[in-house]
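Encoded as structure tokens, the structure appears first; notes follow it.
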Amino acid sequence: MVERGGTTMPARDVRVALLGYGYWGPNLARNLHLRLGVEWAACVDPDPARLAEVAHRYPWVRTCRDAEEVLADGAIDALVIASPARTHADLAARALRAGKHVLVEKPLALSTADAVALAEQADASGLVLMVGHTFEYNPAVAKMRALLRSGDLGELYYLHSQRVNLGRIQRDINALWSIGPHDVSIANHLVGAAPRWVAARGARYLHTDVEDVVFATLGYDDGVLAHLHVSWLDPSKLRRTTVVGSRRMVVFDDLDSEAKLRVYDKGADPVGVGEFGEYQFRLRAGDLHVPRTDLTEPLALELDHFLECVATGARPRTDGWNGVRVVATLEAAQQSLDKGGQQVAVPADWDRDGDGAAA
Amino acid sequence: MVERGGTTMPARDVRVALLGYGYWGPNLARNLHLRLGVEWAACVDPDPARLAEVAHRYPWVRTCRDAEEVLADGAIDALVIASPARTHADLAARALRAGKHVLVEKPLALSTADAVALAEQADASGLVLMVGHTFEYNPAVAKMRALLRSGDLGELYYLHSQRVNLGRIQRDINALWSIGPHDVSIANHLVGAAPRWVAARGARYLHTDVEDVVFATLGYDDGVLAHLHVSWLDPSKLRRTTVVGSRRMVVFDDLDSEAKLRVYDKGADPVGVGEFGEYQFRLRAGDLHVPRTDLTEPLALELDHFLECVATGARPRTDGWNGVRVVATLEAAQQSLDKGGQQVAVPADWDRDGDGAAA
Amino acid sequence: MVERGGTTMPARDVRVALLGYGYWGPNLARNLHLRLGVEWAACVDPDPARLAEVAHRYPWVRTCRDAEEVLADGAIDALVIASPARTHADLAARALRAGKHVLVEKPLALSTADAVALAEQADASGLVLMVGHTFEYNPAVAKMRALLRSGDLGELYYLHSQRVNLGRIQRDINALWSIGPHDVSIANHLVGAAPRWVAARGARYLHTDVEDVVFATLGYDDGVLAHLHVSWLDPSKLRRTTVVGSRRMVVFDDLDSEAKLRVYDKGADPVGVGEFGEYQFRLRAGDLHVPRTDLTEPLALELDHFLECVATGARPRTDGWNGVRVVATLEAAQQSLDKGGQQVAVPADWDRDGDGAAA
Amino acid sequence: MVERGGTTMPARDVRVALLGYGYWGPNLARNLHLRLGVEWAACVDPDPARLAEVAHRYPWVRTCRDAEEVLADGAIDALVIASPARTHADLAARALRAGKHVLVEKPLALSTADAVALAEQADASGLVLMVGHTFEYNPAVAKMRALLRSGDLGELYYLHSQRVNLGRIQRDINALWSIGPHDVSIANHLVGAAPRWVAARGARYLHTDVEDVVFATLGYDDGVLAHLHVSWLDPSKLRRTTVVGSRRMVVFDDLDSEAKLRVYDKGADPVGVGEFGEYQFRLRAGDLHVPRTDLTEPLALELDHFLECVATGARPRTDGWNGVRVVATLEAAQQSLDKGGQQVAVPADWDRDGDGAAA
């Protein structure tokens, strides 16, 4: 519980406003505070009680109930948007229009069309638009990706993840849109592309129109599958992603403080050809390796990246098009949910620039 | 590693032959030995090396390569069939025809038609036909079922399971038929019926025609879902079933020696009605309880049950019709796999007697 | 990582200064900030770099390098002392002399004589002197104590603890004085008294005059033993206390987020008398129960208690005499270390008031 | 639960009798059966019920109540002694006198004098005398020892172990003699010698004359310490040994099926000299490595070694003198227990041949 002693100063001062001090906002606030000090200048929330909390904790921060106030403030360079998901697209568009750099929490939007419009708007404006896909800044995920890219894992077969817990039941978006962006973002990031198709099934127990639990399968090129299980109605807190390659297999357990990443030297190696011409396999189960990973809070790394992009004009790793790929995947999954699990294609024609991150 | 001191003697002597001393056979042999001593009379396997191993370990056991020899032996009362899955139906039918009681490893058959025929044949013969659905003899599963039946868990919402590992890659059946019977049997047993429909997706990596990993969703009455994840190409050994009820939630982790069963006093309780007429919920996270469960090896309990049924003429809890319900579920899952994940109905017209076990 | 939304306001405003912003100070600062806002008025540290860090994070806090400045400031009501252990006694004495209430980190002093002098000084002054024995504010420890007091655990047999890790190697105090105060404080708190004697052995690997690892046995009345293992040279982070009673046994694992406290219905029950007149025992291994415990950070509860005592004049639960009992135990352990493990009595004549905490 | 398929045949047939079919005997029986088949010829136990159990399980084995019967049987080559500890020395001496090779369970004897006499008797007789220190045949322990010998761990600092559980409460020997031989044997094996001194403290709760829990410190040459905690009155089953070296640290957790051995690239590295001439240290926490270890049951490896020694005349790795070193350590620990924890020297003059195992 000891906090990091050092303070990272951005290349030049950036004055930031935070929009939304609800569930996730306080985490952003804490990190903005540590990074920016008094340059974290303003906070917007419609709830006076939340603003009073901000005023108590961060007495120098200007609090206001209306986003318009900070959008109109020429002294504010950038907005961090942590408002409810349904407001992301509109707030981000208005912020870009007002000439502000934007870091928006996931999902970037609730429709692919909105997400594409935002990505195009950002490209046209020359402003930074970054999506808060925190796990793409997680050192353990970066290590997994590096193991894949280097060929250490061999050929990628499939991955599966469980992100379940009892908690944060939502009313206006289902578990897919609430929890799923993390897993879709991780899967896309590891594979280096959006999936070609999605199939999803879920179930509604608490409300008649909101899925509490969703199982989704994402089909990528070359037969690579990703399977997601998200739920806010589960007894155990699990945050686990397993990546199965032909040479090695990796488990990323975000809750395991000693062994966040387990790299298994395991596999089924072809050893010959059977009497009917098929391959025969021998199991290999060697050592288990737990590479040390940087324990810096990924959210801190994400904010550092955003501030650096703002300062230098660089394109963020999780830019608008990255956000589009996640939203398009979720939208296809939602359509599959609505059609009882039928396989739905993920459109790709918006992806004119390819996956910069995968390059 | 200390073995059970006591020996359970069956009500009357039953002379048994074991068919198949391959992967699972040695476990049956060990238990037959402890239960029956020299009344475990014969063992059949086509492989002389396996028979030599039997002769070494159990010098009193008659070994033979052809099942016909024990089928024709009037001194043999019962057969335990642990041969490859594709041979189950034929061997069981021949055994019943020869007037032997039969315990057959799961799956009972590879088609519903074969399974129904066997169940009918057993009913007509008056002989015991029991399927080796071991988990239905597992004290932890029995405890879960009791918690459900008593209402302690509240309304059943859904369950999900993972049974994955690196190992026992098969050539003639896929992971669904190899590993899935356990989870289908557990789910059917807990719900008390077969599902109405199944949808399954999988992937083939090692061979072009055998799924190494399968994800399946089983739809039961009243919106109850069961989701299975089976794989023989996974780094971690997991054998975990989670049952989510409205009042309590249970995790059964067969590999956790201290806490096989975790009963969570957790849930989302309705606390009122919101402005749009929908229920509102409050999270409840109370104590966690680990009921003590009998640690007797489930296979030993299963064999005891079989021997008792043979001795008393009672119908086994996992009778032929129970086996039919599992096979019909797997068959529908296979059809769904073949149709790219499309939802497939599980036929129910063979189920003339209802689920005796659920009564 | 979501922070507590609510802010606890003390009964009346108390202006506080923090002395020491080194290893532990930032945790106190974070909590002072949340509790007091701008009433956390000043911070003292000899290191300008640390003060710059404070100024960045908490811009309203007055920073100064000399404690004298805040001691002389009539507007400061209370001091929180988190300076190096060797300075505790002197700073606390000066603070009381200056009329300030004092919360001092453990250990209260490095000698029993100093600790007694402080406790007497506080009693004479009417000011609050509280020692930061955090674990006595830990809800899980409180629950263990309640289980003991209620008789649920039966007769207390013994307890043992491991508090080991690689880290925070110190130069001026050994592992006993650095880590041991936690375990001594927990043991005294559970038993309700100081031990009668102590024996300790340790070893020095990094420096020739500082023990990196210490094993200590504390002998309480009625044959109750507590065994401590502390080390800053160990691969695994362990923070575990086991309490063995005649009826039940408890494990407190501070690092287990799901099951911090495990209450085992286990024991060896007398079942008769053997042929030589001795008792015979039957093992009992029943359910395991994990009571829900409040997850509030113990340090927050500790600070709340201090602020309330300051506001109301109440005697803190971990008052100076409580601190004396811990220091006297550590001093005896140190003497035992110096004498090669010989048993050393813990003096008790200073304990004129009995164990207030145990009442 | 799948048993090993293969059967190891000893170099030449050895006919073996087992003495004692109580707590541990069945494990030896199971392995004798797998290794020797019908060459496991006889079993002795005074309890007719235990003999009946043997007759049921192993119908070819001759059962008898008196050891004299097998001692006098010229067709028996070797005895495996698993009788109560107090009978070990006498039975082993009689067996050697009768010209039999002997594998005796630990402890070899209850006094150093008896142990030395046995070792000398074996040396004089030319017969194999081996002590069942199972952990010296455990592949994970062998790996730890190899890491130490190769210098991978750097300089050995200390080791500590916990072997606690609720269970196997004994009446005629305390927890030190019942459980401690394992840890003493492991420690001696890793260090490569017996300790110079021992200090032990314990407590008696169930009986007035038998320690249920013992804490012991073993002092080896070069300041190496080993600390043992053994108890049969503890809620958690722990079997854990931690070895701390200057370069790496290892945890051996015998109950962790996936990571029995964890090798931590951790340490405190000297980085310079401080202002007072003392070393300064920097913490290093690198990767964690879990080397694959052979999962063969150590008892099987132990028996194989015994049978091979009998067949070839080789001196077993855990010969009589190895047993002497363990007994001498335990005897010193017992004397320390009796003297209230006082440090007691371990005599070394019997060790005329040096530590063959350490060579």
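All chains are identified by letter, namely A, B, C and D, in their written order; residue positions are counted from 1 within each chain.
Heads up, the rule we're going with is that a contact is a pair of C-beta atoms (placed from the backbone, for glycine too) under 8 Å apart; a residue touches a chain by one contact, two chains touch by 3 or more.
Just so it is clear, the model here is predicted, and its values are computed rather than measured.
A.B. asks: Between copies chain B and chain C, are the contact residues mostly the same numbers or mostly different, with half as the line?
C.D. replies: Answer same: the two copies use largely identical residue numbers here.
A.B. asks: What is the chain whose Cα centroid lies farthest from the Cα centroid of chain C?
C.D. replies: Taking each chain's C-alpha mean as its centre, the farthest from chain C is B.
A.B. asks: Compute the distance, rounded to whole Å, between the mean C-alpha positions of chain C and chain D.
C.D. replies: Computed value for the inter-centroid distance: 39 Å.
A.B. asks: State, to the nearest whole Å, the distance from the C-alpha centre of chain A to the C-alpha centre of chain D.
C.D. replies: The computed centroid separation for chain A versus chain D comes out at 52 Å.
A.B. asks: By residue number and range, which residues of chain C touch two or more other chains?
C.D. replies: 236, 258, 285
A.B. asks: Mind pulling up the chain B residues that touch chain A in the complex?
C.D. replies: Per the touch definition, chain B meets chain A at residues 157-158, 160, 166-167, 169, 171, 199, 201, 203, 205-207, 212-213, 215, 217, 223, 225, 227, 229, 233-236, 242, 244, 246, 249-251, 262, 264, 266-268, 274, 278-279, 281, 283, 285, 340-343.
A.B. asks: Across the complex, what residues on chain B touch chain C?
C.D. replies: Of all residues in chain B, those touching chain C are 258-259, 265, 285-292.
A.B. asks: Per the contact definition, I'd like the list of chain B residues that touch chain D in the complex.
C.D. replies: Per the touch definition, chain B meets chain D at residues 1-3, 5, 7, 23-24, 26-27, 30, 33-34, 37-38, 53, 56-57, 59-60, 236-237, 255, 257-258, 297, 299.
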